[in-house]
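Per-chain numbering from 1; labels A, B, C, D, E and F assigned in written order.
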Amino acid sequence: MTAAGVRRRIAVINPNTTESMTASIAEAARSVVDVSTEVVSITNAHGPASIESHYDEAMAVPGLLAEIAAAEADGVDGFVIACFGDPGLDAAREIASGPVVGIAEAGFHLATMLGRSFSVVTTLARTMGQAEHLVQRYGFAGHCRSIYACEVPVLELDDPASDARKLVIDYCRRAVEHDEADSVVLGCAGMADFCHDVSEQVGVPVIDGVSAGVLLVESMVKLGLRTSTRSEYAPPLPKEYR
Amino acid sequence: MTAAGVRRRIAVINPNTTESMTASIAEAARSVVDVSTEVVSITNAHGPASIESHYDEAMAVPGLLAEIAAAEADGVDGFVIACFGDPGLDAAREIASGPVVGIAEAGFHLATMLGRSFSVVTTLARTMGQAEHLVQRYGFAGHCRSIYACEVPVLELDDPASDARKLVIDYCRRAVEHDEADSVVLGCAGMADFCHDVSEQVGVPVIDGVSAGVLLVESMVKLGLRTSTRSEYAPPLPKEYR
Amino acid sequence: MTAAGVRRRIAVINPNTTESMTASIAEAARSVVDVSTEVVSITNAHGPASIESHYDEAMAVPGLLAEIAAAEADGVDGFVIACFGDPGLDAAREIASGPVVGIAEAGFHLATMLGRSFSVVTTLARTMGQAEHLVQRYGFAGHCRSIYACEVPVLELDDPASDARKLVIDYCRRAVEHDEADSVVLGCAGMADFCHDVSEQVGVPVIDGVSAGVLLVESMVKLGLRTSTRSEYAPPLPKEYR
Amino acid sequence: MTAAGVRRRIAVINPNTTESMTASIAEAARSVVDVSTEVVSITNAHGPASIESHYDEAMAVPGLLAEIAAAEADGVDGFVIACFGDPGLDAAREIASGPVVGIAEAGFHLATMLGRSFSVVTTLARTMGQAEHLVQRYGFAGHCRSIYACEVPVLELDDPASDARKLVIDYCRRAVEHDEADSVVLGCAGMADFCHDVSEQVGVPVIDGVSAGVLLVESMVKLGLRTSTRSEYAPPLPKEYR
Amino acid sequence: MTAAGVRRRIAVINPNTTESMTASIAEAARSVVDVSTEVVSITNAHGPASIESHYDEAMAVPGLLAEIAAAEADGVDGFVIACFGDPGLDAAREIASGPVVGIAEAGFHLATMLGRSFSVVTTLARTMGQAEHLVQRYGFAGHCRSIYACEVPVLELDDPASDARKLVIDYCRRAVEHDEADSVVLGCAGMADFCHDVSEQVGVPVIDGVSAGVLLVESMVKLGLRTSTRSEYAPPLPKEYR
Amino acid sequence: MTAAGVRRRIAVINPNTTESMTASIAEAARSVVDVSTEVVSITNAHGPASIESHYDEAMAVPGLLAEIAAAEADGVDGFVIACFGDPGLDAAREIASGPVVGIAEAGFHLATMLGRSFSVVTTLARTMGQAEHLVQRYGFAGHCRSIYACEVPVLELDDPASDARKLVIDYCRRAVEHDEADSVVLGCAGMADFCHDVSEQVGVPVIDGVSAGVLLVESMVKLGLRTSTRSEYAPPLPKEYR
């Protein structure tokens, strides 16, 4: 059921199991949506505390999909997968009837409408390959100038001792001055609250995928657009499980 | 000045000089924005009655840019260029401080979040080259399955005698069944009101760039994102004119 | 421990839970390796009976990775993921020290050394998108002429009533005659035994990814080549799980 | 009417309104054409004094197209657009019956026949984006090693105080030594007279688009080749103007 | 030595050994160059009578390079390789100091300045792969709509019984009407004399690489442009031969 | 005829005429094949002593093809072209019935299965262009991080005075640390014996194309896969030679 005045509900799902991250993700999402949009924030009940490898992604996805299926059953209208690797995106599009957007995807799309080029600043160097893969998959290889890693683990981003904010600003500056990026996409849901500060320091648009993603999903829901069920993204066939 | 409750104003500009088209474009935009967003609809004061060639685009752009400059001076927060060739987009980004989105661009971006592939159905065959050019420029060559033209001139789209709606439905069906497109982007601002009808008939998401574009601009304004002024899109230098 | 004369062990893993498929996969692999190579055939203990969607893949991967981790602990030297979507490939490369190859990847690589172009004939149409995605990811978009689906479910491929063999031959013929493909890659581990028959009928090389994959892994093991642990594919960091 | 011995007339059009630039452009063109080719040099009657932004281009194009239409009516056989952004090229191809070539296009084409790779050295950094866009549009992204800007405004190129020649030489040298470019394309019609000097200093072919463009157009006129009027580039439809 | 009034000499080399083909190639070249340009026509002294495979190309190249070396020693200023596979082009650029252009390359370059797209109509189907390879190598994959073969052997093109002209016209028409090509590049030096006739019949520009190539080389010679000797195309190092 | 126990024969052909290089190439090949595979090592009887230019390649190819034709007549089952430019590969595929693999191709294919990216370290800088060309032709432009040349001539690689090994290690290290390559492909058959040493020093997989190539050919022979004779790679037509 839905509170008075609420006309749509969008689930913002944290694929890792760290509640504190979910809280800041939800805050980033709630701060930008309509008064008529309810943000349902969800933490993955099963999986790793943070996602920093292909293995972490793979282990987080079944739990993530279970959360999406539950929210779908509960009538949620659209979904944001709030992890920069966009884990489980294709599978989520099969099981959700409403639109599903990943935060890397969301950040890249908006970046290409704010200039010719963008760069990415992410957490650990080992995740740069997945960012590069997504850039290519979504069609933005010609727009992405560079990808940097500040080498701060996801769960230490909000630890002042990690110096994360300063490192992110340094790499963003490098992307702009050295690689001539017109904007920067922040490569982790945990960087959402760095966004405005970094942008002010560096002087170019800095995009947080969480707030970008929730507005893209809200837009598609308002437009009545749902993932195509023509063939690939139709609901999966029932299977016998062992 | 701004009416009570209005927190942002977005200009939706019809690059051609046909008022009736502006009216339907404005309606499409107003039907989807927030209560807190005012849509300012603008008709180009100087140029051709419709845009169906590179020449028409070129002749429409100075007037279009004058409208944008005026709206910018009037404090408008963001801009939609409501013609499928995205005319003057780069120049508009230089003279507007808020975000600027073209409707082809808008349609393509949303389409790639609703499936793996899309097709385009546009007006005259001679405009297919520009659509193809934009698909490549924005990075979506790997996602676009086909481009079709119904060969109905822009100003006859709403003439029942043109049979436009039926033709568009036929080509959308062909795109889906023959080219395996997951969705269809309608290739003219004048097709905005075909959208839901065509989608129902064809059974895949059908995207109107006008409503998509205004929501993308609204999203960027809410996020405080403006076109990068780093270098290419900084305000143009003053020039001596003859 | 290893039998006398065996100098390397390669695990061929069936990501679905259907033992009969594992048996034919193992047979395809054993029929081509060295006398000094032992093929360890493994069936995923947890997951769907067949993989025909992104969702099926996602649900199969954790079990698949558990099998790989166990085989790795048991000293297996290399791994073949015997499902045409190459599920879990990146994650498997992080947790296995020896080389890991997917059968789609294997088929594409050999195909490009047998001619300028290839086509793919797979099972259900809904899996064509993943095949297209892999073709692009691996760099073979310029070499792939077409992708066809015979619309026979994976588990019915060996059911004579499914007419699968005839349908595959028809589509291979179409790929060669209509799309000018120099060879065909069969798009399912369950098609392994069609290979020589189809090739004879159609008159071009027809590649089964299972036998191709096991020989590629065997080759890398002989060469002492293991997945790079430089950064992205280094062993995943330990994580707290919920 | 045409002077005795003249068998073809080619218009070299300066899209900006600075007569002195037209003069040096015309000189570059006249120095290379046949005795049987007359170069008609034209200065845009309406627009900015120099073109250094997308806005400048947009404002220059209608005047440029008017000049082309007038020259076409006067029986000119082919056209060179002598500004490195190739402004109005598509529209010009619609309204001219003879071939039309832009100087960026001309320079890139010849460069790829003189080696594997080239770089571009242009004027202001803000124009690098357009150069990159044209490189991609024409198909030369795989051939272009780098794009540099000497940050000298177009109208100061011939001012000794600007040190332009030395800066261009420095960047060309950097392109060759650091980026391994086989040749350099000069990124402004106003650099035409630097060409041989820079080439001698740097030791690789240095290409001026103006002289390259007039010879490409002359070649197409000699071959009887005119822009295709099949569909996209057919004469624009008559329109009602406001 | 050079005849009075001759200011440059360009060698047009037929890589096969059929004199009659050389004659028509030379005629095509002579009909378009300046009065001040001498066309030196050369027939390969060693190799196959026609080139219709990679093997034929490979066997023709040493003789072709010997002809180029001899012409170079004789002071020839530039070179056209008059076979559509552009055989030996890279090697020729190393041993010639003047520019070298292949006729496929020449045709593609001009085609992209006459419209958005082109198709190729060549001789035997087995040569289509090389044409496709060259299209990709030169950067024109996004511009080439289709490649057709009329299945007439090179040496039968001028045999009325071969019906070659009619077949070429039919395929050109198909390229224009079915594939929406703006122009057609003829895929064999032996088709030079079909050019104007086919163009008249089909109604789009039809490009003969021989006449296109000789004018491109003449243009580069006039501009003083020679192949870059920076590194890859520097004269080959002396080698001990067996 | 074939020795007892030998079930297949693979020719590893050195396209240059230096016997000592053939010996080390053969050793690299023999060290990795099955007991049931006989490696037939062949030195090109006609051509340059080393291949370091397009010209050298062109002059080596006819002799190389003669060796392949002779080995084919002698019933050899597959072929490795042991020179990093993959000279004559297409022609060889036409005249050999068994599979043919070049060592650049072989190295690139395996590299992409060992990580996301690779770099190449080759001999003379002038050969970098051909390496880049092959990377693009085979589809690996998105996977290749960089190409370096140690500027040691092929025939000095095994001369301790050349310091080749140290230089190769330095460039491999640079590729890994500066360009983030996951692996390195050695760019010359003469570097085969550096492989393990360099890998140990640099800490990433280092791939020798000779041993990679012979195992790829052996794999294809075991699978009964031969080059497609559909059209392009069918045996060349008989020709009259002069």
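The criterion applied here is as follows: a residue touches a chain if its C-beta (ideal position, glycine included) is under 8 Å from a C-beta of that chain, and two chains touch if they have at least 3 such contacts.
Worth saying up front: this structure is predicted, and the values here are computed from it rather than measured.
Common neighbours of chain A and chain D under the contact rule above are B, F. Graph distance from chain B to chain F, where chains that touch are one step apart, equals 2. In whole angstrom, the spacing between the mean C-alpha positions of chain E and chain F is 31.
Distance between chain centres (mean CA atoms), chain C to chain E: 44 Å. Mean C-alpha positions place chain A and chain E at a centre distance of 52 Å.
Work out the mean CA point of chain C and of chain F, and you get 26 Å between them.
In chain F, 93, 116, 128-129, 133, 136, 141-142, 180, 231-233 are the positions where the chain touches two or more neighbouring chains simultaneously. Chain contact topology: the protein chains form a pattern that is neither a line, a ring, a star nor a complete graph. Listed by label, the pairs of touching chains are A-B, A-C, A-D, A-F, B-C, B-D, B-E, C-E, C-F, D-E, D-F, E-F. Listed in rising order, the residues of chain E touching chain D in the complex are 32, 34-35, 93, 99, 101, 105, 109-110, 112-116, 138-143, 176, 180-183, 196, 203-205, 207-208, 211-212, 215-216, 218-220, 222-228, 230-233.
Partner chain A is touched in their complex by these residues of chain F: 116-117, 142, 180.
The part of chain A that touches chain C in the complex is made up of residues 17, 45-50, 52-59, 61-62, 65, 88, 90-91, 93-95, 125-130, 133, 136-137, 153, 231-232, 234, 236-237, 239-242.
Chain B contributes residues 128-129, 132-133, 136, 141 to its touches with chain E in the complex.
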